[in-house]
Amino acid sequence: MKKNSPPVDYAGYLQLDRILSSQAPKSVELGAPAHDETLFIIIHQTYELWFKQILHELDSAIAMFREDYIDEKNIGIAVSRLHRIIEIQKIMIDQIRILETMTPLDFLEFRNFLTSASGFQSFQFRELEIKLGLKTNQRVKYSQQAYHHMFTAQIQSKLVEMEKNPSLFDLLESWLERTPFLDLTGFNFLKVYRQTVEKMLLLEREAIEQNLSLSAEDKKERLLLMKATEKHFHTLFDAQEHEQLIREERRSLSYKATLAALFIHLYRDQPIVHMPFMLLSAIVDIDELLSTWRYRHALMVLRMIGRKTGTGGSAGFNYLKHTTESHRVFADLFNLSTFLIPRSQLPELPEEFEKELGFYFSQKGNDTL
Amino acid sequence: MKKNSPPVDYAGYLQLDRILSSQAPKSVELGAPAHDETLFIIIHQTYELWFKQILHELDSAIAMFREDYIDEKNIGIAVSRLHRIIEIQKIMIDQIRILETMTPLDFLEFRNFLTSASGFQSFQFRELEIKLGLKTNQRVKYSQQAYHHMFTAQIQSKLVEMEKNPSLFDLLESWLERTPFLDLTGFNFLKVYRQTVEKMLLLEREAIEQNLSLSAEDKKERLLLMKATEKHFHTLFDAQEHEQLIREERRSLSYKATLAALFIHLYRDQPIVHMPFMLLSAIVDIDELLSTWRYRHALMVLRMIGRKTGTGGSAGFNYLKHTTESHRVFADLFNLSTFLIPRSQLPELPEEFEKELGFYFSQKGNDTL
Amino acid sequence: MKKNSPPVDYAGYLQLDRILSSQAPKSVELGAPAHDETLFIIIHQTYELWFKQILHELDSAIAMFREDYIDEKNIGIAVSRLHRIIEIQKIMIDQIRILETMTPLDFLEFRNFLTSASGFQSFQFRELEIKLGLKTNQRVKYSQQAYHHMFTAQIQSKLVEMEKNPSLFDLLESWLERTPFLDLTGFNFLKVYRQTVEKMLLLEREAIEQNLSLSAEDKKERLLLMKATEKHFHTLFDAQEHEQLIREERRSLSYKATLAALFIHLYRDQPIVHMPFMLLSAIVDIDELLSTWRYRHALMVLRMIGRKTGTGGSAGFNYLKHTTESHRVFADLFNLSTFLIPRSQLPELPEEFEKELGFYFSQKGNDTL
Amino acid sequence: MKKNSPPVDYAGYLQLDRILSSQAPKSVELGAPAHDETLFIIIHQTYELWFKQILHELDSAIAMFREDYIDEKNIGIAVSRLHRIIEIQKIMIDQIRILETMTPLDFLEFRNFLTSASGFQSFQFRELEIKLGLKTNQRVKYSQQAYHHMFTAQIQSKLVEMEKNPSLFDLLESWLERTPFLDLTGFNFLKVYRQTVEKMLLLEREAIEQNLSLSAEDKKERLLLMKATEKHFHTLFDAQEHEQLIREERRSLSYKATLAALFIHLYRDQPIVHMPFMLLSAIVDIDELLSTWRYRHALMVLRMIGRKTGTGGSAGFNYLKHTTESHRVFADLFNLSTFLIPRSQLPELPEEFEKELGFYFSQKGNDTL
């Protein structure tokens, strides 16, 4: 342990001389000091610090998932790091309340000094979106221009470069594809699942048809809904249909990965699937909290500047509101719930299957025992 | 004080025998106990208790504003009661996290037992929306039917009846119209405000035209934005235009009330306007938190049931998402920020004006001095 | 699924007629309506509903741990139920803010009507404490009397009866004692741990003695601290010393259970120990949140009634403040950190050990392979 | 507005090159990278940024209260700035949860590298305590030494210097003493209050004596409590007794200021007292949240390092726990509740009194009408 390291003091360790001297309000510089500009600067700095921390965790998770083989121990570590991201996101949402103690009129006292500075120029936030898996073509356009426009040529090319690396989405997808859940001895998951669903839907249809308390019209309406449900399930029984939906940009996760994720959800009580389930849950949490943050941020901007254009000329509220929906990278994991069926309907896993899974995880891939 | 009141004990006072025996899980009744149904029941009961509390506060604020004259003391009390609503709303949002500890698969274990029960049937929530000021024709339709459809005939007529009473929106609007801010001696607010804005816009236009660092194209784009801004301000200079926007359902607050609210925002540092400003801020907070709650609730439903139809046959996520925007009663107060101008540009209030305002509030209406 | 169950509606399912008609303010009954009494009643009712939910989760965890053998699957379920308790506790703490919107003066308007009703009479809260593992003799006395005094004879005997059942503490302790971590082939945990610690302490002592930048006095002080640290570690090397500390009520967890818990902390990255580690962490979270809630509650009471005696004649703030420390059931798990040593110092587990552990968990106890 | 100011970009405005390059983990420097050290650095940096923001608000409030005359407008501004501090404090408490995602074992991986760095060395936190009003002699000692010991001689003398300036406590106290609430025409607050209290206590005593449902023993006990209550009230009727309590360090707010604060609480519905009441409430909130933060922080430290000494050799948990109580600067405002009496018992203010108050606030001190 501590050998010859020179003694550290608190202020030096945290580099407080730099951190605490990096607030230079424009309004002060321009001779019209606005009390609240300090808050505006400091809260954005804390956001950037948290972005850095999130990227630190995300990078480490991505590094783990770049390996061909990921042992269970590392999935556990990845989950705990994603949980840290979740706790940071909660604070990111809640601390909007601090900024809202600044009223629109207070903001106006220095807003014009900011000229073209805009939160859209946060490099780290773009980095975060890219590393999660957001692709340029999924992005909402604003000011009629691609989002790169906001950045210098140098930074633009850095972002473009970054997009070429596998994102968390990409890595999760191929990890899911590699898991052995779908192909093991004596248990064809898709076949079993399909049979169960079809039997379940048949019973439901019969229940509606034989329900005496429903009017003819109600029955018709319910059967229409049933039809929609059946059609929806069918997209999961047929790889072709799934591929078609991906081409139409209505789905993004590959067919095989989707089935593996569904398996994990349905059999999550199996110890062997427990960590993978926690992993998927954590990712869905992150996606949900990012959406919530975007929404709260959009509302706050609306309140602060109304429907005027944002600083830096961005389209403000409308742009932000659209991103809450269309920038969701893991929407397909969210939508998985649509395909869940009650535990009681599910067949048990064959015992050998559990053993095979156990060996997969604990014996470092295909090594001998 | 306490004279002959019989001694009370904790359990009796809180009627815990009733409260704690009102959880009857359907899954237990039907012989297939699902552990998580208790949570589902209890969390909804706490929501309904909080709705009751919110209505208690809202009713008392409405009662105060039904008076022809509202003294400053009561505005203070109304503000503190609205602040209580705000604290409750924060908990309503945060406690969604408790429900999210129930996974979609756990929900499936009893979801089908609920048949037609649905959160859309919360009478108190409808009551809350109505009392805030939501009108039937503003409501998003679902299941192709008016929302009354969900309720029995008796409850429907109660809701219709309730809509006839003045809402918080209505009462706030007429209170704003009655405030003396616009008409007092020697200070025509609209005229002063308009002159200030026009001068400000002129300077801004010149600044763009003379800005050497902007390309011709950039200038053109910015001047286009300026034009939009000018047009936007103009809707506030002209009662006719405002009325037209109301007819088109793009605005809802009356012209006079809008001007009074703007006055309050711009001169909020004046002690006499302080309470009115806190009142408007509290209402905007409530509106914002209600939107946030709707959004979080929509996301949670999406996660829980995917894009299936909700319990009770509602359209689920899409319906809920739409209400976050279109059910906002006080959107016009939010949008006021668009019309704010920097404090430094504002002319001071004439001194007599302050006195007149002071008397208005402290001398109970039109009494002589 | 849903067979012949009669249709349910929202209000009926939640028994809202009962829930929403169980608020009977004393101040109204006695002819001096106090607006805020409704809040006082409703917030306590939501607390009691959450207590019921917590007990529902706790009971299910206790039931699992009463079994002689607890399979890994159930530990996973227990952990997720304890996580639900944690989310509820966060809300219990945060919603104190709602109650604090009632000022002390507002409380005074109905406080005297409550006569002897007191939160100390919450049966469910006592039940919760008992089921976690609080013993009567650990309880802080108030009003110079045992806490049972607050309850009727019938309830008192119920509480006494309840204390005879094994608590979560008891069951966790015997589960820890039963885990095979300490005794397996080729790895004597205590011996390995003791050697590592002693080596580490020796190096630390040398580092101080040879540190040129320390003054003689500083060295002396540090070596004194070292001595205390060494003595502290020693209590873990010697079962006798541990037993002595238990007799002196300075420790409560048995020697064997303490060592097993320490093992789990130190080797928590091993997949096989992952769930046990999450279990211990969740319990420490619950303990920490309960302490925080007690502390926040005590502060709120102090603010509300100052240093007067509480309703029901309790000693108010001082009593509550003491319970934050002395009613902590799992303090020993908290204090485990004192005995942790850096991962890098720890010897690896022998490979057979991991296998033995794996079989222990996955092969249902002592069954053959 | 924006005239010739050079264009600003987001990263430049926030000085992100400095902010985001100020994290230099010791563990990396010393060749044993610990993943979690980044979090440890970043969270402390965000705390320091928030401390800076709090000091920015506190300084501005202190500056206002240094004036001989504080107009109502400024009290309003001070209140809104204190509310901002409150929102920051909530985040400071909640973000402890982020740090708690680091387990004790993870902390151990770099803890020894920190050698003598300790949170006790946060200069800004000491500054905050001093500016609120904490005096050196009130501080809990640790390591048997005064807290200055932690700092270099230069910083020590800065802290000593700072203590000589009036703190928020000092300024609030003298502002309260200067308010005209106690001495105005025709209304001697102390006399009126005393009479009311004595009558109230008499009735209460009679109620106990005549209560047939109480046993002789219960009566005796209650009358004893009554006696304590009477004695407590008496300390407020007699300036001498109050001074004595101050000498014994059991009270800190001066007699006159205490009475003025009590007046404000009791007559807070009067518009003229509304802002002063919000001011006192905000200060009590800040005190309460600071205590809560200290308590949560202490628990977190206990969990992280157990009962070992803290980094930098501090006594860790015990020290921190003691500060939660003894470092409370505004405890007397908290305890005011003890002296409140029900609104219904209070005599109305004479009408001229209200006018006098109105003039005091709106006519800039002693100017003529």
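Every chain is named by a letter (A, B, C and D) in the order it is written, and numbering of its residues begins at 1.
In the analysis below, a residue touches a chain if its C-beta (ideal position, glycine included) is under 8 Å from a C-beta of that chain, and two chains touch if they have at least 3 such contacts.
Since the model is a prediction, treat every value here as computed from it, not as a measurement.
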Exercise. Treating subunit C as absent, figure out whether the rest stays one piece or breaks into groups, and list them.
Key: one piece
Practice problem: Give the label of the chain whose average Cα location is farthest from that of subunit D. | Solution: A
Quiz prompt | Angle (degrees, nearest 5) of the CA superposition of subunit B onto subunit D | solution = 180
Practice problem: Report which of B-C and A-B is connected by more C-beta pairs in contact. | Solution: B-C
Self-check item: subunit A and subunit C: spacing of chain centres that average the CA atoms, whole Å
Solution: 33
Quiz prompt | Intercentroid distance (Cα basis), subunit C paired with subunit B, Å | solution = 40
Self-check item: Distance between the centres, which are taken as Cα means, of subunit B and subunit A, whole angstrom
Solution: 30
Exercise. Would you pick out the residues of subunit C that each touch at least 2 other chains?
Key: 1-3, 7, 112, 342
Quiz prompt | subunit B - residues contacting subunit D, complex | solution = 1-3, 7, 72-73, 76-77, 200, 203-204, 207, 213, 269-271, 274-275, 342, 358, 361-362
Quiz item: Where on subunit A is subunit D touching in the complex?
Solution: 1-3, 5, 7-16, 18-20, 22-24, 26, 29-30, 35, 38-39, 41-46, 48-50, 52-53, 56, 60, 80, 83-84, 87-88, 90-91, 94-95, 97-98, 101-102, 112-124, 312
Quiz prompt | Interfacial residue positions of subunit C with respect to subunit D in the complex | solution = 32, 103-105, 108-109, 112, 143, 221-222, 225, 229, 232, 265-266, 268, 281, 284, 288, 291-292, 295-296, 299, 302-309, 313, 324, 334-344
